[in-house]
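Please go over the structures that come below.
Two complexes are shown next, each including chain A; its partner changes from chain B in the first to chain C in the second.
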Partner chain A sequence: MRTWSRRVTVFTSVLTAGAVLAACGAGGRPDDSEGGSADVVGVTEDSIKIGAHFPLTGVAAPGYSEIPSGHKAYYEYVNANGGIHGRKIEFVVRDDAYNPTQTSQVTNELVLSDEIFAMVGGLGTPTHSAVVDFLNGEKVPDLFVSSGSLQWGDDVESKPYTFGWQPDYETEGKIVGQWVKQNMPDARVGLFLQDDDFGEDGEKGLRQYLDKQIVATERYTSGNTDVAPQIAALQAADVDVVLGFNTPSYTALTQLTAKKLNFDPKWFYSNVGSDPELVGSLLARFSEGAVKDGSSLLDGVLTTEYIPGVDTPDDPWMELWQQVWDEHGGDAKLTNYRVYGMSQAYTFVQALQAAGPNPTREGIVEAIEQAGTEFDGPALAPFRYSGDSHMGISGLRVSELKDGKADPLTPVLVTDIGDTPITEDNSGAGNDSPPEDGIPDPIS
Partner chain B sequence: MTEFAQRIWSSTLARHVLLAAAGLVAVILVLESTSAFRNGQFAVMAYMGIAAGGLTVLTGLNGQLSLGHGAFMAIGAYTTALLLSDWDSAPPLLVVLLAATLVTLVIGAGVGVAAARLHGPYIAGATLALAIAVPGIALYFQGTLGGEQGLTVAVPAVPDWFADVAYFITGNDISSSKYVAYIGWISLIVTFVLLANLSRSRVGRTWRAVRDDDVAAELAGINLGRARVLAFVVSTACAGLAGAVLALAVRLAAPSGFTLVLSLALLSAVVLGGLGSLLGALVGAALLTFLPQVVTGIGLDAGLSDLQAAELAPLVYGLTTMLVVILAPAGIVGTARIAWRKRRAHT
Partner chain C sequence: MQQFLTTALNGLTQGMIFAAFALALVLIWRSTRIVNFAQAPMAMITVYVALVIIDAGYSYWLGFAAALLSGLLLGAVVERVAIRPVEDKPHINAVILTLGLFIVLHALAAVIFGSRYRSFPAPFGLSGFKVGDMNIALTGFGVFSILAVLAVMLLLVLLFRFTNVGLMMRASAFNQEVARLLGVRVTRMLTQGWALAAMVGSLSGLLIAGGNLVHPAYMDSVVVFGFVAAVLGGLDSPIGAVVGGLILGLSLSFVSGYIGSEVVALAALVILMVVLLLRPGGLFSHAPARRV
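Then we have the complex of A and B:
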């Protein structure tokens, strides 16, 4: 009996000690910042704190983990040039390993502990869906989600604080569908789709134009690396062109599997899955060195573009990104993922300029809704932001890969979700160049 | 007075209930004195603790190794998500938690009957298959289970009576994340009291007997199959409840949240804390929850890049596991207990 009372004493003291320790760990004032003053969370006299969740570790890390480094480099460039309205931008990155459970935890940390002003560029469809309601509930601006799912922009009423950025997959599907219909009217079309919003939204767009031409639809589950059944089914359906809405790993896997099966259709990959450099290195890795010059294997592959990339070093935007990266990026090479991050960062700085010298959470949302279509940036087509739509870039162009470079086949085409017709872009968004100092001017 | 106290302590139930009450007070103190973000982390610790508690009973007391507890959490989480898909027509939370536990229990019974026929590594293999297969079910039935995207969970508003009680006791208004943390910890305390009683009862002794020597146990009249299935069912019910709390805390049930990594993380929590010890399960859950985030924070403060700091977390966790296995082979709580007993034996 005495044993027990002693043991209980130990148990209780451990528990109490634990409780005291945990209480210390919380780090002070949980509620102070909400007290009387009109302070905006995350904004001080000379700084503004933003953050996002990215997969820095795990299966989705190759490629995607480079996006935040692009963000950081551009913010540091802006900070080195005096910041925005005298405020320096601080970007907090948290790793979610592309696991929605962790996304939820790190977003809690970003919003409640780091107290960010806004989330900028949170990556992934399944991951970000886990936190989008929380962010809107807490009224945290949820800007420029790194995913082309429709849900970030097509329902402003239920997600007033969330904005998309890249062209949504349905828009991309429509433009790809129309191009195939016009240029390969007799081709038998096969689809290779990721089994989630990505493939589903893309298919919705494609079917608007190709419903009669599609003879086979194959889906894959992300994580299952055996695509031989799908490729064999496409081969059996005797398709002439395969349209793939898949991630870079699956571009490499489909290419290798098709080689094995002696299947040689025309390939068309959505923008997400077509980065020649990453796919090339994946090809080399998956084939255990059998494929040496991976990017040349992609010669003749069709894809789409909506921002200038590393294959066009003479583009004025690329010159700016190169300069920013050389000054603030560190030793690693500039890649298309870093360019993506910098392009997003540029849009955020524009939004911050538009929100004026005293930004508030509601203010920046309003500013993007009002001025968003006017934002000049690296994007080839203008944004669609308004009070009714938070959809991002409105279009893209079709191009063909040659020696790891994209060769444009069409002018920039723009459209919207639903049955909006596809038109040639006449806004000139693709021809603008960055301002002299590389920092967007306030919109007057 | 001391005699009275001793009599109380000698009764298992009274002792556990008293400990639970002390635990509840500690929980209230901790949750009320920490920030909303820490509240969220404590909710995570609670569901990891519940699942690890169930697993430690199965593995530590009954000697069955399950690599599939993540799958049972998925079943609990999906049941919760299906019941809480709508704000208005949602049943009371207690019903939801019980339903998630019951559904998982029934499925656990089915698996348990099969697992009871297996031994050692074969149970591990069978449950491993389960951990891989169950997330696939959500992908296959995309229409009802939401596919890769998963199902979002509408966390019910804090009921008025609960808010009033909380305000009466603590003087603070209760936020939704704190509410979920309370639900998690109350569930944990209830579960642990039940598990502690069970393991000190005849059932628990049967489990230990089966673990230590199944031939001897059978000779003593114990029905091996029944003991094993029962342990498995109890353990999976805990995992189901943990899954339900997870769904509330994360507000989502998606297949990528229930990969094999989750099952292995639970097992590593149990091993780190000390096999068979509920307190150990709690310590393991705390390590699993707080270590990565704290280490990443330290890494960032020390000037590492985001990427390096993120990679530091799994590294430190791995090293911690190795150190524990080398220096404290019975787990943190297990080794501490042995040291404590030794010291007492000397004095």
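Then we have the complex of A and C:
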């Protein structure tokens, strides 16, 4: 009996002490109840915390792990210039190693323990698919997914908080398909596709225009680096042009394999797989063999573009990115992946501006739906954001690589998923330049 | 016909690469009776050593030699530092330890060398030969790989069958206590076994890397297929490892080319299951006649 009462005493005293401490805490932090954003997770008077999952280790890390460094550099640039509405942006990156199980785990940490305001730029189709329902269930804005899968934007009702960013693969497939149909009407077309949403969505777009011309479809599994059997099958089908929806390392692998097989068709690589800087540097090494120069090996390769990249250093946007990178990026070189990250970060800052001085989770989603089509940014074509669609950039242009530079073959073409026709973009999105201070102005 | 030939030749070179890796596994199994899961990252580290040397402007062959040498060293060091403390414990302890090493070496390589893709040069041409209209999908480097693997296999057979050292290595792996009683310096044999196996591992790493892209995880798929090849051949037999590698390489190449690359991993599993059902010890196993 005595021990019991002693326990009660201890228990109550702990409880009392806890209550007193809690009361002190509440009294000691008056900021929380002021400023109108007290209840918004991740937002304080002078900071806003966002986060994302990226593969920093593992097979997908090469290249992709550079994207968050672009984000960080741009946020630091914004913070150094006073932040947005007086708030500094804090960007938390967690490593999921491109493994969906880990994506779920790190997203839980980001949302529940880091308490981020929004997810910005989470990378990968298989990885992000694993967490998109959780984020929408928790009503966490899931902005600008780093993937061109259709699912981020084509079903607003079931995923009201998720937004795509880059042109979706179907749109890219349609524009490429039309170009091939118009310019190579008699060519036998072969497809080389990654065996997931990436290849599937791309194929859907391509087949709208090329269904009759496609004579062979080969798929590769990411991770299996032996593509000779696939390339041999394309060669056997006697194709004149190969359209590839694959990642950059597979661009290099297909080129090397084709050399081995003495197979010389016209090559097209989707934007994801064509980074001439990266692929060129991968192939340049093989000059000890028969290839003289890596970038010249890619001469004549067709691809698409939707933001300016490191091959156009004089573009006003690239000048801004270079300045940001020099000031906040560290010693490493500016790459197209970092440019991608900064371009995405720019869109987020725009969205934050549009959400006003007291951002809320619902508020920023509404702001993007309302003002998203007017966001001026590095993108060559406007965004498609609205109450009905959360699809990202609406188009791109077809280019040909020459000496490691992309030479435009078409004006910027825009379309949408489904049977929306392809038209020339007349919004002027490709000709704008960044504001003087490099930080987007609030949209009035 | 062209497609068939290309797919077959590609399977042949792939199979030889699996075989090279399987040989390293066989070697360590024969000399220490454990399976070394850290074989691939150890080889990967030495390939990066070669890359650093080649990048500094030295010749390919200097890098090649340096990789083999650092493999030899790394194997010995790993055995002395990491494996020695658990050597008299059950074998499973050492095996788990190699799994841990796998992770540590991976992370270390990413920290030191970065995780981006880098291209690794090849000393010979990378274009296929042409005979009339037929294209022979074998490159100079592919031929070199095949010859190198066959040579290593031959050397291993000679080592284990005809030399004293080979006999002592087998003895100390088989029964340490008895070997010690017979005057074999068991610990030295174990270190030698690790060092040699790591060197063969480096060679397989170099053969895979030549004319290809490397990054810290570039050998991971080879771990799986090389392991399957070694088990196919019976883990104990160098010839079995090469035959296992060839069977696997050819079948996977045909599966990938004529059925689809998505079933490649499944096909490897099916082959492994069928072989183990028919011959539980692997294709080249000896009947365990005197097991009591």
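Everything that follows uses one rule, which is that the second predicted complex is superposed on the first by the 393 of 444 C-alpha atoms of A that agree within 3 Å, B and C clash if a C-alpha of one lies under 4 Å from a C-alpha of the other, contacts with A are read in each partner's own complex, and residues count from 1 in each chain.
In this text, a contact is a pair of C-beta atoms (placed from the backbone, for glycine too) under 8 Å apart; a residue touches a chain by one contact, two chains touch by 3 or more.
The structure displayed is predicted, hence computed values, not measured ones.
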Tell me which partner A:125 touches in the superposition: chain B (first), chain C (second), both or neither.
first
If you stack the two complexes on chain A, which partner ends up touching A:100: first (chain B), second (chain C), both, or neither?
first
In the overlay, answer first, second, both or neither for which of chain B and chain C A:439 touches.
neither
Regarding the shared-chain residue A:112, is it in contact with chain B (first), chain C (second), both, or neither?
first
Which of chain B and chain C A:221 touches, first, second, both or neither:
both
Between chain B and chain C, whom does A:195 touch in the aligned arrangement: first, second, both, or neither?
both
Touch check for A:229: first (chain B), second (chain C), both, or neither?
second
Tell me the contact category for A:62 with respect to chain B and chain C: first, second, both or neither.
second
According to the stated criteria, A:133 is in contact with first (chain B), second (chain C), both, or neither; which is it?
first
What part of chain A is shared between its chain B contacts and its chain C contacts?
56-57, 65, 195, 221
Note which residues of chain A are touching chain B in the complex, please.
1, 3-6, 8, 10-12, 14-16, 18-19, 22-23, 25-27, 30, 56-57, 65, 68-69, 72, 93-95, 98-101, 104-105, 108-109, 111-113, 125-127, 129-130, 133-134, 195-197, 221-222
Which residues of chain C touch chain A in the complex?
2-3, 6-7, 10, 14, 60, 106-107, 110, 115-128, 130, 135, 137, 139, 211-213, 215, 217-218, 220-221, 252-254, 256-258, 260-262, 264-265
In their shared complex, at which residues does chain B touch chain A?
5-6, 9-10, 15, 19, 22-23, 26, 29-30, 33-38, 40-42, 44, 136, 139, 142, 147-150, 152, 177, 246, 249-252, 254, 256-257, 259, 261, 279, 286, 290, 293-294, 296, 306-307, 310-311, 313-314, 340, 344
Could you please specify the touching residues of chain A with respect to chain C in the complex?
56-59, 61-63, 65, 195, 219-221, 223-230, 232-233, 235-236, 248-249, 252-253, 256, 259-263, 278, 281-286, 288-291
